[in-house]
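I've put the structures underneath this note.
Paired with chain B in one complex and with chain C in the other, chain A is shared by the two complexes that follow.
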Partner chain A sequence: MSSVQVQDLIFHNDHSLVSDAVLNQDSQSYLSIISHEQGTSPSWLLNSLVENSLVGSSNLVNSELKRLPNGKHRSHVYFISFLHPLEYYSSGCVKNGLDITKMENFTFVDAFSKLFTEVLTDDGRDQEIQLKSFFKEKISSVVTDPKSTVFVEFPEILLTSTSITSNVLLSELNKINKICRQLFIICGQDYPQSIDLSVTNPGDSIFKVSDFLAKLYHKSQLNINLMPLPTGRAKDITGCITISKGTVPYIGTNLQVVEREYIYLVSKDGNVKLFFR
Partner chain B sequence: MSTNQSSTILLTRLLSLKENSPFLLVIDSLAQTSFHFLNEIISRISSNTKVIYLSFETTNRPAYATEFIECLDLTTAKILELVKIHSTSSQPSSLANPKTFVIIDSLNYVSNLELSSFITGCISPNVCLLGCFHSNIPEPQQLINTNYPSSLSILSFIASSIFEIDPLYDERKIDEETLENSLSTKLKFPINCNLNSEVFKVTLKNRRKSGRSLTFRYILNTSSHTIEVYTKSTSEQNQEEDEEELLKDLTTFNLTTNSKQKIAREQVDLPFMQAQEALGSAGGAIVYEFEKDDDYDEDDPYEDPF
Partner chain C sequence: MSFRKRSDIIGAPPAVPRNPGMVPGRPVGAGAVPGRIIPSRPVAPGTGVARTGPVRTSSPSQSQTVEILQHPGVRPSLISSSPTISTGSSDLDSILLHQGLPLGASLLVEEAGTTDFASIILRVFASQGVIHNRVEYGPQNKREFNSHVIVVGFQSQWANELPGLYKGSSRDQKKANIAANEKKISVSNLNDSRSPVSGANDKEMKIAWRYGLNKKANDSGENAPSAPSESSSAEHYTHQFDITQRLTPAPASQEVSFVSITSHQYKPILSQIQSIITGQLKQNSNKVIRLVIPNLLNPSTYPPQFSQSATIIPFVHCLRALLRKYPRNLVLISSISLDLFPKETNLTYNLETLYDAVIQLQPFNQEMSQLIEKAYKNEPAKVSHGLVHIRKIPHLSERGLMMIHDGEYAFRNGKKKFQIEEWGIPVEDDSKDEAQTTKNIEF
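Moving on, here comes the complex of A and B:
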């Protein structure tokens, strides 16, 4: 593997990850989906995207992207997680040279810790109403900066653990997308454990997640998929990352997705190496 | 006028909303979105046409939309009420064409049981309706009316014109089965296969008032706004020839036909064709030819075979 050239990760034709063309937009909002399977956690990618959205650099995956001078910030980052607490990401971002706990333009919303104790309670209200008010009060009202990047991690847990339909969740995510410039939705996509498009029982969580993801893909500009090596396990390869364009182009910009497939290695010390596949 | 020319004219008229077709159904997929197709229609219709955009999944309001209604949190009754209000609202007197164009970005969000009433509620004499339906999205099974038809069956039955949109993917890079397996089963997008491109294949099914249905295939280039009639690619033709090759030497029997046998087969006059030439000239009337053994009495009124 040492003879193969290490590559920089890029998503767009302007060699960017989160492009200036997106963040400088006045009226358009864009959606990207990061899907992953068991064994290919995207935390290294999320740390890099948070770093890139905050300060411009992306030390682990792209050496060409440079940090903005004089401590300037690119955008406000809101991270809404239904899976991990703030400590999970703050320790990960230390390696990228960022202390996100002390940054003014980084806001973390822990949407999981109190979800089943304080949000979904036996107050006699329908779960749909409880979740709608949760999204309105705890999430949409928090995202106040219009030129921001929002990450929503593992929202499909609401489909598997509550009675809400995929349309309700899509509606709430759409409201968040409208008030920011770039929305990243991170979700698991294990076939056939969590998605199977042949399932037709509307009460089945697999149906709800499949319906949610299929409809979400019809809205996205950029799709990033992480999966284990299809040919089997290898000591020097962690997984495979595929960058593909979504069904909707970047309206209002000349931005285009550069479709590429990389294999990557996350070493024990947290360093990431990418190679063309 | 050749068939190719007339089919191109038909598509051009449909895209510019000049053909009388009240409900246009667009069936797209994750491999090829209807986004570019909609833009092509908008580029061809009169700029004075009022466009009501019913959004179930579109985040950004399109520049061409006169009215943009976010429907995801509304009931179908409320949506129909809003469509009625906006389509009948006063228009500038300078408008020569009072037609309203209603676009529904995704019919997958409308419940299967409400679909037919929703569509018929949207259509009116001055409204042309276009609805997109994503074929990749799973449809919930009807738990009460188990024999109720699927949404696609209902929509295909109501629609006056159906546009099926498929990508023009490179067959050397990916075959249809692999593409179907990655997208429709695992929701994975193969890369560099020309998916969701500005140039794509359109299959048009147009229904006349008489009930006659016409099917045409085109290649639509939305960047240059050109239409080409889709012809079977040479690779498919070669495939047919290959199949004959495969039959050769398969058994000790000769399963193939040589060119001489093909010509002879084409020249065989089928008996019913000849019968039609002689008897069919009467234009559908029943023609009874008497034979020599028939005992026909002209004076007997009940003898008349008709």
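Moving on, here comes the complex of A and C:
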């Protein structure tokens, strides 16, 4: 592996991760899906994308991207997590040279700590009303900066643990997408535990998640998938990251997704190395 | 001319004469009988001894971390330096890579088949917490209620079956019993001690080669069992447990709390757990609380409604939130049967997502067991009982490292310990069969 050249991660033909062409749009908004499997958590990628959206650089995965001078910011980042508290992301971003707890253009929406104790307190159909209220009050009203990037992590827990349908969740995420420039949705995608398109029972959690993801893929511009090697565990390879076009093009720009496949290695000290596959 | 120690205050009243055999600060009677450990009385809130130490100007979380590291059962992780506790099994601590389970993290033990090896791990985990209450540590040999165990879904009977400390092999125990009997005041012992022929010192002189052995035994006897690690700061970090023994004295109510499953809703259980945690931390803010949930979703304990995703996932999600709320005090361990909830189901998948560490025990089937027993018929101590698959490791899996190890480790449940070691396929030795061939070989 030492003889193979380390590559920079890029998503678009302008050698960017989160492109200026996306952030500087006036009317369009775009959707990207980051899917992963058990064993290939995208934590390092999220931290890099947050860094890139905030300050322009992406130290761990792309050395060509440079930080904006004079402390300028590229966009406002809103991070909505159903899986982790703020401390998890703030400690992770330290490696990227960011203290997100002190950054004005970073807003964390905690959908984790009190999700089932204060947000979704009722059972049954009222949960849909509560969820809509939560998205409206805690998220849509918070995302005020039009030039913004929004991350939503682990939204599928709403499908597996409540009576909320995939269409309701898609509708709420769609509303968020419209008020920001770039929306990243981070989902687990393990077959057959999480998605299985052969399941037809509408009440089944797997059906709901499969339906949610399938519909989401029909709306996205960019899909990023992280998965372990199909041959099993290797000491010098963590997994494989696949960049592919979504079904919808980047309307209003000349931006193209550079479809590539990398193998990557995450070391215990948090460094990431990418190689072409 | 009289001499005073430097630390004595001139003009102060004379110090109370020391009582021979008593250790200052130690309650009367404690330690009078070797090996007996009497837990100290619970300290009322606000009346406890104030912690001494340098004035800290660091952030509250940093100072909390420093304080919790003074706990005898806590030490920094080898990977992340975060405070970590022992699971009670040193081998399990090793495969978790942190040398234990980091505080604020959770461990799910999955088990396939009809065996119940997972309960051994959970009981040892609970025992380790109870034992930490009973150790003397620090320069003043203080003993306090520094740990608490919360058991969900079981009654006090569960705690009565916790394994006791491993006291050595049967030979060692016999020696210890003989030594203890010799120390007792009895007519025969007094006669023995007066008799010049059968005195203890004379016994040692019977055979010359025993001198060396006795010397070694004396050396180890004086210092054992804690001497080898006395100097280390983590001497009480982990203990060895004997599953054939019971923890004595049985855990008291200050050491273990029980939360029963009384309804099909998770919120009452959660509020009970929350109130116990709050109460325990009021007594001692540096207390380590071990939350134990054996046989999660087992139909004998949990109502059927609990197995629905709409109940169990919010429950575990709330527990995860509790762990993040008390990152310096709370740890969680659970076990679940994969026969009831197979790995392919969405429920188990979501549980694995919500737990920080996941291991799977896969006992060998009968054919494999017979093969291994045959291969190791001369070394029964090497016979493994099943495989250990690692799914998630705290902190590392979340940070994106691929930590799935399938079939790389095997476990063996013995009297001494729950042993986990690297798995290698045993080679069957057929050389004898070949040697005993009865065919006539013509050249």
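Everything below uses one rule, namely that the second predicted complex is superposed on the first by the 273 of 277 C-alpha atoms of A that agree within 3 Å, B and C clash if a C-alpha of one lies under 4 Å from a C-alpha of the other, contacts with A are read in each partner's own complex, and residues count from 1 in each chain.
In this section, a contact is a pair of C-beta atoms (placed from the backbone, for glycine too) under 8 Å apart; a residue touches a chain by one contact, two chains touch by 3 or more.
In this text, all values refer to a predicted model and were calculated from it rather than measured experimentally.
> With the two complexes superposed on chain A, say which partner A:48 touches: chain B (first), chain C (second), both, or neither.
The answer is neither, since A:48 touches no partner chain.
> With both complexes superposed on chain A, which partner does A:149 reach: first (chain B), second (chain C), both or neither?
Touch partners of A:149: none, neither chain B nor chain C.
> Where does A:115 make contact in the superposed view: on chain B (first), on chain C (second), on both, or on neither?
The answer is second: A:115 touches chain C but not chain B.
> In the overlaid three-chain picture, which partner chain does A:174 touch, first (chain B) or second (chain C), both, or neither?
After superposing on A, A:174 lies in contact with chain B but is clear of chain C.
> After the superposition on A, what does A:28 contact: first (chain B), second (chain C), both or neither?
Touch status of A:28: first partner only.
> Does the superposition put A:16 against chain B (first), chain C (second), both, or neither?
In the superposed model, A:16 contacts neither chain B nor chain C.
> Once the shared chain is lined up, is A:210 touching chain B (first), chain C (second), both, or neither of them?
Once the two structures are laid over each other on A, A:210 reaches chain B alone.
> Provide the residue numbers of chain A that touch chain B in the complex, in ascending order.
On the chain A side, the touching residues are 27-29, 31, 35, 167, 170-171, 174, 177-178, 189, 191, 195, 197-202, 207, 210-211, 213-215, 217-219, 223, 225, 227, 242-249, 251, 259-261.
> Considering the complex alone, what residue numbers of chain A touch chain C?
38-45, 83-85, 87-88, 92, 112-117, 120, 123, 154, 157, 160-163, 188, 190, 192-194, 204-206, 209, 228, 232-233, 237-239, 266-268, 270, 272
> In the complex, go through chain B and note every residue touching chain A.
Per the touch definition, chain B meets chain A at residues 30, 33, 35, 57-60, 72-73, 106, 108-109, 134, 136-141, 143, 184-192, 195-196.
> Hey, which residues of chain C end up touching chain A in the complex?
Residue positions touching the partner: 79, 267, 270, 309-310, 313-314, 317-318, 321, 324-325, 327, 343-350, 352-353, 391-392, 396-406.
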